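See the structures that follow.
In what comes next, chain A is part of two complexes: it sits with chain B in the first one and with chain C in the second one.
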Partner chain A sequence: MSGAKKTSRKSGTPRGNGRPWTFYALAGFFTLYVIALYGPMFSIYLLSFQDLKGGLVFPMRGFSLHWFEELFMQTRTGDFSGSFRRSIGLAVLVTLFTVVFSFTAGLAFRKRFWGDTAVFYLMIASLVAPGLVLGIGIGIGFNLLGFQTSWYTSALGAQLSWTLPFGILVMFAVMSVFNSDWEEAARDLGATRWQTTRLIVLPILAPGLVAVALFGFTLSYDEFARTLQTAGPLNTLPLEIWSMTLNVTSPALYALGTVSTIVSFFVIGGSLYLITRIRRKRAASTAAGE
Partner chain B sequence: MNTGKGHIELAGIGKSYDDGASFAVQGINLKIPDGSYCCFLGPSGCGKSTILRMIAGHEDPTEGKILIGGENVVGLAPVERRTAMMFQSYALFPHLSVRDNIAFALRVRGLSVKDRNAKADEMIEKVHLGEFANRLPGQLSGGQQQRVALARAAITEPRVLLLDEPLSALDEHLRIQMRAELRRMQKDLGITFIHVTHTQMEAIALSDIVVVMDKGHIRQAGSARDIYSAPRDRYVAEFIGGQNVLSGRISDIDKGTARLGGDTFGQIVVPLPEGHRKSKGEKLDIAIRRDDVDLRPVAAQPDLPPSATSIVGRVQAIEYQGNYVKVQIDAAENDDFVSFMPERKFYEAGLTVGDAVLAVWDIQHTQLLA
Partner chain C sequence: MSPGRNLVGWLNVTPLLLVLIPFFVIPICVVLAVSFVETDGFGGLYPVFTLDNYAMLFRSDLTLRLYAATLKFTLLTLLFTSVIGFWVAYFLVFHVRSKLIAMGLFLVCTVPFWTSNIVRMISWIPLLGKEGLINTGLQGVGIINEPLEFLLFSSFSVVVAYVHQLTIFMIVPIFNSMARIDKSVVEAALDAGASRLDIMRMIILPMSRSGIALGAIFVTSIVMGDFFVVKVMSGGGTASVVGAFYEDVGVLQYPTAAASAIVLTLVVMLLVAAILRVVDIRKEITQ
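Take a look at the complex of A and B:
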């Protein structure tokens, strides 16, 4: 047996059991990619835990939570907690609008309606349009009309021009596995429209809607280009970070980066938890039967 | 007239689009007695599903009336009609367990969890799904899914159950098994079943009434035996199958019979009904059941009894079918002329491709087509 194996290795595929050289080349490339991606980020997280003597570059000087305290208490570094609250508030608003409109648009686009192609291309256009230009346009438009730009009006609109098309495209993918026979069957069994939506359509689409919400939230939370000219007198977090990079030269800037990353991870983790919980709840009824 | 609760009458219904520019079905008149099993049979796009959906209340006819139990139900919701539909895809709710799927109709009616589960469990027992009550539809086989769909529809205690191609998602073996189960279920429930299919054998095996459709019209409606052995026209004969269709011209009329001549066959004798209006030179289509055609040596022609008629042909193809053998003869121009010979008889005759044979049948077994 082993003899036959040896000969076959010699004559047939020389690297049959080993890995081809391309594996090592790609693995090396991937390692570099990971370092380039996470290296700077982790440097920032690490440097944010320095003490009072800390600077913006390595080596680490001491270890403390000093810069986090500074961040939450201080006005010298800028209005961190205010901008953080605004960003979260804005992201929540954007998420709500995105989920509701994507859901209804996803249902509507199953059928042809007058002007559906035009609406679709308009949507794609707002996705492709340069965000900065779009933001400037909205800002100028508000000034022209004599409205004050603010994060909850002009910035909300500017961000929706970005998250809505995204949400709807995700919804299209979700709807592609939706069978409209389900709705008809519910109707056949005597359900009203509202009962059909509540008991059939929403539960079936729930995991997809969570995905849309996640998209809406994360896109809004770190949106910069469209918000820059539309946020009005009070900054959102990305704008605040940007202005801090211009005038703050302490590790407080890094502490800010660490905190906002943690928030992002909580949001993503929460969404994934929600999706798996929905799945598990459905599977649970199965396990009980066996 | 039977006006039982599940008696259905379709009175001149039609469904047209674009203000009558095109239509899905037209001029449908049909009576389906209470408690019968009725199959709508036709190729895809013939309008059979449209009729089903109109009876179900998922589409409205643009003309005509649909009477169930003597009452016009056009415009009523499915629940008000007391119909229930089983979808081709079964449309089981993927996020609900078997029990919750079956209990859905009771849930939207506002029954308490306890009451609806008790009723659903009763129904689950009826369709032998007891051990699967807590499973999700995705974890069931095709046959089990079908039973869930059936139970979910039946729990509303409908007077009419509508089935849209219920067997098409199953494999051949299961299809025959579920076919029998459907029939048994219909007998148990004692309600009207309306079943849409494009499979001839399915319709023939199940139905009290078969409705053959083509391009939005009913071509023939009757018992399975009528449809199979006495097709009204060429379309029905060819669609149902099992028939040889011959076209010819009448060359002579003599009392109750006529002589018919064709391009690919000589003279054959066909029976004419009393009071017929046929005349010499007229075109005529006839059908002869393939199992009524016997193949004999050409030399046997002079010995045929006067009650028989025959044509001469050459064996073109032989296909073994198990209990019979399908022998094709080059006697009809565009169509197949086939004899279904009993297996033993075929081997006694020892026919091979290319042999000249005499295809013989009893004159009285000829069916005149419209």
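Take a look at the complex of A and C:
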């Protein structure tokens, strides 16, 4: 597929107004990619609205909210509501820690300090380590110490060992646009370090921090491998879906997917809204200041 | 480097270390320790040093087959995600003229990343299944008489699910590194008589290298560490390295599982280290 596109031609007018043929080829390729990206998801959203006769494949049989009711009734499909609430709670906790800790670590990595490379590679190692290995290690460790694993202790830590490196990488990208002259100017005007951070650095980086929060939330909300051995007796949502994929062969599984995606879309929409609002407010206030 | 700067730096990474040490360093050490002890076979651990767990692992043919299967998936996924990711990013950066539209299309690519991977994986079932859309469609048109069995619960569907989930990990870093290429360099090359193939070969490919490397780190570590996708999408027919030691954990064979886990962790770290030799990741992302 790609080979044909690689061979480019000297002819054509690359800088003229006409588009080179590669534009059309790649536009087609891009469209196919987007269809493949979204198409399957839409098929399960559709199939989750079937009625009692519905199965796991097309054609759609009937139209109802039956499978959603089944989901919330906690019958054969397991403890959906409970796992859903725990997942949201855990994701919120993970988000809070990820934002604060990524922010401070991001500040630290802006300047060289003794041992920074070691900390950096420790973070990368934590990012790439197989999740289940960490999960097992944490599980056994808790066992040896006589602690009970639970979603708000061991699973929280396990997830942070993966969301934090991610958040810090995003923080790097965010901070690459930050000009440290602004900080220096504030300090020259007599601001303390704390005032500079609170009044200059934080507001400038706010949209980036929302992005870090979005990462933290969604990575946690979807985390499986690290949570499997650390969640303790009560399941989180991905663990619930995992057991459903093994046992449940009804559209309830798809209904779960639809609900989960609706939550995701709310989180994405909320984050984007927050980012544009912060940006707009800032634009308005700079305009007013001039 | 003043002592004050060191102190501030360390204070700022303290929260990070308070997570990484108890939830990354110590667990890995625990797994390492467990991999060298004996078990009674019922979950009990005896603090007796032994290398048997590793000996068993290296003597078993299964180990080799598991690694072959997992590496096959890793390489196939790397191939498809990097090719697709490269051309998608290239299209967005060099072919879409309006910056606003490019950002919009970029967002379209990233939105599914924020939704559940598991849900996106199971969403292939109604498409690829025996009575799925593709089979019924192809049969309806008359191209095939029997449903294609290889579409679902096969290596094929495993790779499809991986590529579907992970291409975004290639698009974002490649897009970033391509966006940094100075367009006037390309213009200058054109003025100097370079063909578009030359430009691709001598400017764009070398300058996207770091993005591809960064994407490869994500894809490699995720596929090597996965067992969920393999388990569900292969219909249980294909094992993976992680899947195998997860089963050991299920039957309380902690030491053998731990030995296998340590070997896998080392393999992943070595692969990532090999990729990191190509690119100074810290310089790339902080500049």
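Going forward, the second predicted complex is superposed on the first by the 248 of 290 C-alpha atoms of A that agree within 3 Å, B and C clash if a C-alpha of one lies under 4 Å from a C-alpha of the other, contacts with A are read in each partner's own complex, and residues count from 1 in each chain.
Going forward, contacts are C-beta pairs under 8 Å (C-beta built on N, C-alpha and C of every residue); 3 or more make two chains touch, one makes a residue touch a chain.
From a predicted model like this one, the values you see are computed outputs, not experimental measurements.
Once the two complexes are laid over each other on the shared chain, residue contacts for A:A118 go to neither chain B nor chain C. Of the two partner chains placed around the shared chain by superposition, chain B is the only one that A:N179 touches, whereas chain C remains out of contact. When the two structures are aligned on the shared chain, A:D222 is found in touch with chain C, with no touch to chain B. In the superposed model, A:L199 lies in contact with chain B only, and not with chain C. The partner that reaches more residues of chain A, of the two candidates chain B and chain C, is C. Of the two partner chains placed by the overlay, neither chain B nor chain C lies in contact with A:L145.
Applying the stated contact rule after C-alpha superposition, one finds that A:D188 touches chain B and leaves chain C untouched. In the complex of the two chains, the chain A residues touching chain C come out as 1-2, 5-10, 14-15, 19-20, 22-23, 26-27, 29-30, 33-34, 36-41, 43-44, 47, 56-58, 97, 100-101, 104-105, 107-117, 119-120, 122-134, 136-138, 140-141, 144, 157-158, 160-161, 164, 168-169, 172-173, 175-176, 214, 218, 221-222, 224-225, 228-229, 238, 241-242, 245-246, 253-254, 256-257, 260-261, 264-265, 267-268.
Considering their complex, residues 56-58, 77-79, 84-85, 87-89, 91, 93-95, 97, 100, 104-105, 107-109, 131-136, 139, 152-153, 156 of chain B touch chain A. Those residues of chain C lying in contact with chain A across their complex are 1, 5-6, 8-17, 19-20, 22-31, 34, 83-84, 86-88, 90-92, 95, 105, 108-109, 111-120, 122-127, 129, 131-133, 136, 164, 167, 176, 187, 190, 195-197, 200, 217, 220-221, 224-228, 232, 242, 245-246, 249, 254, 257-258, 261-262, 264-265, 268-269, 272, 276, 281-282, 285-287. Against chain B, the residues of chain A that register as touching in their complex are 179, 181-182, 184-192, 195, 199-200, 203-204, 282-283, 285-286, 288-290.
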